[in-house]
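Alright, structures below, take your time with them.
The following pair of complexes shares a single chain, chain A, combined with chain B in the former and chain C in the latter.
Let's turn to the complex of A and B:
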């Protein structure tokens, strides 16, 4: 018999404790692996080039609130920006283009944003990625062109069963109980192909149609005609590039001058989002700590399983010694069993972790529009296998040393 | 000579001083010789066997097995030496519980440097002890007598020069005892292997040409000591 056969035989003979040890390690590793993967993918989702936006021109208020509202369709804008001021910023030498928008409406729990039509042609939701309505990409219909037309993000359309031709009346506000624009029926003309970004969970109407919605009062309706009085919630700004795609350094001067004014502020998402993670960093740490603790508990279980297996197997190991196995051989047997259980547990755990990301990612996608990939290789994937194997060997070290020191005669021979 | 013992001394040290257990001035066993050591329980027969197997270092003296000074080697070398040259049969608990009869035979050659565990040979040996049809059975599915027969097959699989059997029939009834000892003797004869059996049963002792009364061999016992 070969050494590995003896190891496998022993593991099979104690199949219940072997299976329990492997499963407990797998569960701990799966938890750790999935938490790390979801955490890293969340970071990536929130920081992927500011979701195609170099800067956001927004009202005075919390920069984080502006980013969450403009990019993630959460929160509310803290105020308005004058259209004339937006045009002034647009004429800056460092600004390439802008897409103005107005937030604050909703439909069935999904945000309805009024936005400039250039959003569908020039806006890049990720570098080089434009919105698509092509059926081949998963889209339907077309971008809006008329006042009473709308397009829906892929996830919003899926959850609300929106198809081109379907109509709706937007709610004036984003909270339950806010009034509905009952006299303003808007028709969906397109469904955007999935993007894996929060835009999948939004509904868009033409910017100008906001000013014509009934119930906003004459002051707002006048904005449609008079640019002097017109207001917007904010605008996505594309900044000019210098060599090798580097953003024009003049953006900092522009930011300074806008922020010094009383009219608006310039928010750079890539500066704000890391601050969000520093705020919620402790939650991250707690979750990681719990996952780590579970993994360590699983390894403790492996230690107990090996120790109790050793107690059961003293006679077997003594018999192997009697058959010519050296102390090192029996120690090696125990270490190899530990190695096998920890490696199998870690491998199974990583596979389970990816399954959790796959299933959990679907739920998160449905709720936030953010896309999570089960195929994503996280830092945990790279380190967890060697680390768990190492810890498994450490857990197996004590039983292995006990096996090494096992007295043959004490455990085998009858006294005569 | 397969076993050559000179001035063997084993003492257990207690608070009251050294307590002699074994004291054997000289004792030899020839190649392929079959010997029975008989004597009362607790007289130190098994202890002698453990020393010859290299499992228990004596207090003093020389123990040569197959021409090698056993306790001149490191423990690891002694384990390997045992794996290559010796087989040891106990009264009971000889088999690994998680292994089938065939696997239990095969594992007998696993730790023998140079011996390659051969499935066909193991099957032949099981056939020799009349258990080929039970090769896939686990120890818990076999009687004590059958288990001892598997042990004999395992002892022979690595073609040892010496088999040490410590009360191999201790758990068997007289009918099966005789059967197992006869099988052991025949198999050792067929494989040119020396055999030392320790037993306190006179019925077993009568099966052997060379019978050694342990009380006469062990001077410590003769002097009124003993384990």
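Let's turn to the complex of A and C:
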């Protein structure tokens, strides 16, 4: 009988403990793999070029709150910025263009943002990527052009069954129980193609629509005409580039100047978002620690399974020795079993990990609009297989050495 | 033999201690460095905790920003002066001092105006090749008459 056949027969003979060891390793590896993958993809999602925004002009308050509101449609803006001040910022020599917006409205749990129409033509949600309404890309209809028109992000449209032609009344606020603009019926004229960004989860209306919504009072309605009194929640700013597409270094001087003012601040998403990760970094570490612990426990289970299998098979191994198997063959048998179980467990775990990312990613996408890919190759994917095999071999080393030292005569002695 | 071993151990511990102390000191020095927003040199006004004048020279123009002390060097401090007259002593110069008038250059985005301004500018042909110099002036900073001392290009730090 060939060595390979002996290994396979031995594994089949103890199929239950073999299967349990493989499953336990697979579960541990799957947990570790999915945690690392989701963690890395979350970092990537939150740091991908500031989601097309070099800087955000926002009111005084928490910079993180401004980024979360302006880019991720979470939280609320801490105040307003005067239109005249925005125009001053726009005339700065380092600013290329700006897209003003007003947040604070919602519909069926999705944010309704009033935004400048340039958002659909000049805004790049990722480098070189513009919003599309083309059916080939998954979009429908067109961008808004009239006052009472709206456009829905792909995810918002999917979850609310929005199609061009449908109408809605926005809620004045983002919390449950906030009043509805019952006299302002707005018609959807377009659905944006999916972008894999939080913009998929928002609804957009023209900037001027905000000022004309009933219930905002005369002062706000006056803002539609009078620029002196007009206010916005903030603006996405595109900064000029110098050589090789590098952002103009004057952005720091601009930030300094704006931040000295009493009414606004300049927030650079790529500076703020790493702070978010430093705040939640310990949660990251705890989850990683738990996943590592589970994987180690699974390997410990492998060690125990091999050890108990060895105890059961002492007589079999002694017989093998009598039939001509060398000490090395017996030791190799144990090591190969360990290698097989750890490799199979790791491979199954990686596959399972990607399945978890695929299912979990869908849930996260529905909640945040951020896209997670099951095909993403994480750091864990690269290292987990060799590391688990190595640890599996280590776990098998003790039973293998014991098998090597097995006394043939002693173990063939009649039991009764 | 035991004594020799003890001696070596003591030396090793002492070396380790010395190395750790030196590294800590270097870390402290690193932490003590203030950040400059405009890539100029920082000159403490009175003490580092009180405030700074950040100075940069672009061609024949000197730009000066009054900023906070300690870790607040990214926050502007406005002064009431509309101009500041500096007495500049160039390195190696023996014929007295040069006069340089810096005028308020209000930052519109920061909502500054003359008389409530943190940025100043002044030009002189000799600034282009000034190299090292020391400049002194008297200003009203944070409500008190204080001496402004600029040591260019290394900055002034009395602490």
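Observations on the model:
What we mean here is this: the second predicted complex is superposed on the first by the 412 of 416 C-alpha atoms of A that agree within 3 Å, B and C clash if a C-alpha of one lies under 4 Å from a C-alpha of the other, contacts with A are read in each partner's own complex, and residues count from 1 in each chain.
Just so it is clear, a contact is a pair of C-beta atoms (placed from the backbone, for glycine too) under 8 Å apart; a residue touches a chain by one contact, two chains touch by 3 or more.
Because the structure is predicted, anything quoted here is derived from the model rather than measured.
In the model built by aligning both structures on chain A, chain B fits alongside chain C without clashing.
Contacts of A:304 after superposition on the shared chain: neither chain B nor chain C is touched. Among chain B and chain C, the chain that touches a larger number of residues in chain A is B.
Using the contact criterion defined above for the overlaid structures, shared-chain residue A:408 touches chain B, although it does not reach chain C. Applying the stated contact rule after C-alpha superposition, one finds that A:393 touches neither chain B nor chain C.
By the touch criterion defined above, A:10 reaches chain B but does not reach chain C. In the superposition on chain A, A:247 contacts neither chain B nor chain C. Angle at the C-alpha centre of chain A formed with the centres of chain B and chain C, after superposition on chain A: 120°, rounded to the nearest 10.
Legend: residue contacts after superposition of the two complexes on their common chain; A:348 is shown touching neither chain B nor chain C. Of the two partner chains, chain B is the only one touched by A:327; chain C is not.
Put simply, the nearest alpha carbons of chain B and chain C end up 43 Å apart when the two models share chain A. Shared interface residues of chain A (contacting chain B in one complex, chain C in the other): none. Those residues of chain B lying in contact with chain A across their complex are 41-43, 45-46, 50, 53, 55-56, 75-76, 79-80, 82-84, 88, 90-94, 96-99, 103, 106-108, 110-112, 117, 166-167, 170, 198, 200.
Of all residues in chain A, those touching chain B in their complex are 1-2, 6, 9-10, 12-14, 315-316, 319-329, 408-409, 412-416. Looking at the complex, you find that chain A touches chain C at residues 88-89, 92, 252-254, 256-263. Within the complex formed with chain A, the chain C residues making contact are 37-38, 74-76, 107-112, 118.
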